[in-house]
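Pasting the structures in now, so scroll down.
In what comes next, chain A is part of two complexes: it sits with chain B in the first one and with chain C in the second one.
Take a look at the complex of A and B:
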């Protein structure tokens, strides 16, 4: 069955995928950050080259040289300086660094959408002229494949040699223990900047080589680049050779599968598998690979803590703002109210992220998958076209559909039992990509699906009220999750899993429960989202959209449910009033600022307000304590009894 | 005694929690200083302030008369401050030989293998697979390869056998020259008390006691330590 010709054709895609995965892996090894922005940098550089060559009519060679030798390294140095160095200074967790790289990704996506629009372009300039090389034996090999393989060889050899040099040693030392490396006299900032420069250059190379074989489109291109994450997981974040071999293997397999012909449903399935073989590989990889070798020691990536409750005072009083934002649309005119329908729905989806990531510390980048699934299941239930189930009338859909999604959530939570931090993030993202590619984008699943609100809630006003009710129910559930015994157990798991285990918390069951609850919430939100627009749009539940939602939640305070509402309101308001891409850009910029605004926007705003509203002392300079004093609870009680103003008519000594 | 390392009116901490409250300590050249105190007394924070890995809120740090308060850590290392921090003091993912190459900036590692024969023959082994004591010896290797003019050691005797501690202090004896400052941070270690010229005791982020070993018998020291 295998043919040499197809294998050679497959090497073309395989080599670029291998190169892309290699770049991601090298960036990780050079910087200690799993750079989710890798795909977006590749996309940005590919677009830039297109702009220079197709619009400005620069000579191709000059443009490519400028992009890869000047723009890419400069961009790498820039993000190191502005984004990752502040995070290093306050010893951020790997999860926070992951979100920062997510910020870079989102900023680039937003900027690209604003600049070039969301439509696809098919005329990306090809760096390598199309020419067939004749191999001994008569087989032909495109020049592009040869170039791809040559670049890979250079990178792999460069890595193998560079590792042994003193510079390589310095890089490894800085990535593993930055502070200790500095004590040895290494300029860690310079080493890190070098790593970022190299990493983004590799991203640029992969993007420029990949562009001619793909449609140039901000979200789509980035996602395809991110799918090559598969080979990085196969390489367990360490072995460049395994990454390359993995990429080549999937590429060749993809080409060979085109020879297989089936009939009927099997044919559609096979076609879906073939064209999305990297997604299948990613899914298989995250399920089969048991452990990633993360940089910075064995337990570097295990702390998924994004919320820093212990170090930040709790934020109160923002419920008012959230409630106000929700009540406002009832007074809006018809078009604005139609747009506002998305706010409570999106808020519920964001709250589902707060539950899984904020309260229990499990990074889930896959909520878009649950939301989309919820939308699809609800629509089919209402129409009675879900196989094996009767038609569900009216509002009951909003109860049944989330319950039907729960098993999927539990399935997704299953890998989470053993995974934390980065690996869990990759796993959940992979599952969301798989859902998008194999369900939302399959005509068999989505064609003929009609979405409309439940009968009694057909008018926008009524539907909005229904949404508010759902949001209230969601908040009630969330409140129960965050308080009492269950809430304490969740926080224990978030802050120290081993410690929670030692205290008798059934971590396994708790994690599954959290994933189940969060998936049901996301499904509810997704169903409402689709009903509000009266259509099922796969783009609305794109995995990249899920990344943006996650970043939005982190930006507005990952453990803050009112923050999720305010975030949803802001996202929708920006989307409807300003050019598409603006909201993405805003969320991205805010995510980049996390290094300077610990705890997110809400916490920072709260601190600022507190500082502004704090009343000056009535007379004279405020007493300065000789040192910062932290009281125990007993101490606080004593202090209260001392400072308590005398009651009216009380006796004075 | 000439000006060595001076920490003057330093306040520093982590977020809302201040770990050092207006601490002033002087470590003259040519002296061996013991910095003692219980857990949480601020010893390691003080070392991090000197190394430059913990920002100073107010006050200053000077080294041989030069203000280094705002100097980044790697430039302090270049200026002769050698800090061996607390626990993660070797690169676990690197081999023993690679660790020593980083410590010594390429100097041949033989002196370390001579002083600590336990490490000889383990050059290719990953530091993460060493035992606690071996790791400590590896961390001390940098004193033998490229000792600066100020050596600051954070609880280096922890996890070492009595014999290894004895060897460690013999190494320190050899390094104690008139143009060098040695600061040894310990919870309690009789060895250093015998050798120190000066003893500082920190308690709750403040200097609780300062004096010479001969004054120890007065009984003032144990109050802050025990």
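Take a look at the complex of A and C:
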């Protein structure tokens, strides 16, 4: 039975989702960037409004006006100018732009955590006073919903009318074929700036409207906003109307589901589905929608431009330094050693990202899901509480748990086979969000789970050594994947998929295999991570954390396993020594700088070092023109007019 | 003996527009079969349907007597049906030798797990021998270690052909293999084609250069707006004035 009252109540959340979807869509259509940062922008603006109203005691109307009319558009224009325009200028790949938007997201998350802390705040100011409007027929509609729907109507109408104006035509020309439009004298940068300003403003409006209904908390709020990307997938990245209808539909469905009452396990499941209906919608959308209408088309070799481009030349004795650095925690004091336990574990998780994204070019934003699953399965195996399986003693858990996660990895890799670039990124992220919401946060799955290191490795020192052994295995797997026949086949797939198929490379099997190997590694790392802290904490495997991990890997060189270890060390070191949020901010800033440091930090540092150390090349005899050249009289005249440069290698003045 | 490749009634349309319309085609071992036709006649789409790059809407394809309709392109490649692309599809970050080696290594499907465990590839040695032979055959030995991305387009055509040969195919589909070659290269390529056909290979190619078609082809198919307008020995087919006008508009 559907009731009108519940439907009207659901329109509130639905209209907010529609708004944030519209913002995402507008930015994407006008700039070609899928702006993952929109969730964090909504979060940041909601926090800003809270700060202004609750701490500084500004009048609500003034603060809201300032935030939405000045701050949001200005922020949009700013990131266009500083981050995305340089990328646009050097024709960056969609993957590079996605990482840049990830950088913005992570910077905002870090800044918010540093400023406002990780604790939740419940007193976000409500922009619209809580008043019910009485509709004819007796039904009531909250004023907030009316405002949301009104904004949506204005935006959709504005877009529809805007399309028909001459400005709209110019915008479409720029979006369609940027280079050609620029040749016609259209200012593509202004269109992009418009897209970013509009997109951030809509994200801000959605955030401000959403805040009173939610707890204000950096990670949690951002994730909820990100979940509304379901409506954009439903709209196949094109139709604003479809996005809005999708948002409203899910909102109403959510409200209606609260009327259904079940008993027992079904009840818990239904409650989880109801409260996470946008996640269900996102999951259903990425699985059902066949193709996204991606701007500029999907391209193979998506992550190729992020790679270090060739092996780093070996620095003599690097392995001795590395071994020393990794062994150092054995000499640390107890608290520091305890913190260092997370380094090899996290390194293995990051290496799993190198495996899946570094060589085969598949963007996976969902490794946090596999890591969490590995931790949970390992803990339950060791306790003998995994249904249908006996208790697994000792170290064997670290072998069995990753193997049990492999089928899940294959299952999730399945939709990924035919997907590339943006669609694949969204799919993997959706899967990780679903795992977090429906497994890690469910008491049925996690309550009473005790996590211990295997018996013989109870002391921190012994456990650390065990972790190093696991890391060595991970390195061996990466090495074997990147060398020989497998490595060549993976590069072939990344370089040109059609060509690889024509060579007889079974691309589907190879991709699935890589997905499986990577999920097993992530599970191993996750299990060690949980054992190190002796607890299963859903927050440690938050999907947003997965995004930060991905960015960290890209920053340190997406195809560099040593880079992953250094990244893990840096993340843990910053987290233990500085206020929480610092490491996030650092990784975010570095991701934004990637446009200027192709190949990642490690590669750039190496190149710099090489340039500083390299002795100037000995200058040989100046190149003499070949005698075979016969000059005509005109040629001789030209030759006479060219002055010989004084030194070799110089250019003519 | 059954033909190397046989297609019957192959059709393909995009958005309701018929691009390939009930095409029948037979390619015999040891023969060079050439498809000619104006731009947009559906030649490349036909190739894509034959090589499994995209599924045909209707019709059936046989390879050495076995029906392979609907097979994926990598499975067909492992079966011995190799192809090249009109737009170069070499792997730019790999050396020429590695480009060829990928085809030599993957024409049999061997355990990925062996590779993950770091065990040597049982067919690896043979692959290296095959690559060396093909490099020498095509005159690519000098550039074997050069990154493919920096080579001129004429050489890339040869690299792509070499890659197709390294899968030890019995049927070769070449999509405009001579485009981008200069006169000497075209002449050399022509010699090469005959050597290949003499090795019991069935060669099917799309070609625009009528002189080359005259000299090289054993059988010619003329495609016009998706269907085969004429087929037969080149002398007879190309001698007809109507074929020339179909290809090049009104003759002067």
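The criterion applied here is as follows: the second predicted complex is superposed on the first by the 588 of 653 C-alpha atoms of A that agree within 3 Å, B and C clash if a C-alpha of one lies under 4 Å from a C-alpha of the other, contacts with A are read in each partner's own complex, and residues count from 1 in each chain.
Here is the rule we use: a contact is a pair of C-beta atoms (placed from the backbone, for glycine too) under 8 Å apart; a residue touches a chain by one contact, two chains touch by 3 or more.
Please read these numbers as outputs of a predicted model, since none were measured by experiment.
Chemist: By the touch definition at the top of the document, which applies to A:4: first (chain B), second (chain C), both, or neither?
Modeler: After superposition on chain A, A:4 lies in contact with neither partner.
Chemist: With both complexes superposed on chain A, which partner does A:177 reach: first (chain B), second (chain C), both or neither?
Modeler: Touch partner of A:177: chain B, not chain C.
Chemist: In the overlaid three-chain picture, which partner chain does A:187 touch, first (chain B) or second (chain C), both, or neither?
Modeler: Touch status of A:187: first partner only.
Chemist: Is A:169 touching the first partner chain B, the second partner chain C, both, or neither of them?
Modeler: It touches chain B, and chain C stays clear.
Chemist: After superposition on the shared chain, which partner residues are touched by A:509: those of chain B (first), chain C (second), both, or neither?
Modeler: It touches chain C, and chain B stays clear.
Chemist: Figure out whether A:489 sits in contact with chain B (first) or chain C (second), or with both, or with neither.
Modeler: In the superposed model, A:489 contacts chain C only, not chain B.
Chemist: Applying the touch criterion given at the start, work out whether A:481 contacts chain B, chain C, both or neither, answering first, second, both or neither.
Modeler: A:481 contacts chain C only, not chain B.
Chemist: From the superposed pair, tell me which chain A residues show up as contacts to chain B and also as contacts to chain C.
Modeler: none
Chemist: Okay, in this complex, where on chain C does chain A touch?
Modeler: Spelled out, the residues of chain C in touch with chain A are 51, 53, 72-75, 77-78, 82-85, 89-94, 98, 101-103, 105-107, 109, 112, 115-118, 120-121, 124, 163-164, 167.
Chemist: Touching chain B in the complex: which residues of chain A?
Modeler: So the residues of chain A touching chain B come out as 166, 169-170, 172-173, 176-177, 179-189, 295, 297-298, 311, 626-628, 630.
Chemist: Provide the residue numbers of chain A that touch chain C in the complex, in ascending order.
Modeler: 304, 309-310, 476-477, 479-481, 484-486, 488-489, 491-492, 495-496, 498-507, 509-510, 513, 517
Chemist: Could you pull out which chain B residues touch chain A in their complex?
Modeler: Residues 13, 15-18, 21-22, 51-53, 72-74, 77-78, 83, 85, 88-94, 98, 101-103, 105-106, 128, 142, 205-206 of chain B touch chain A in their complex.
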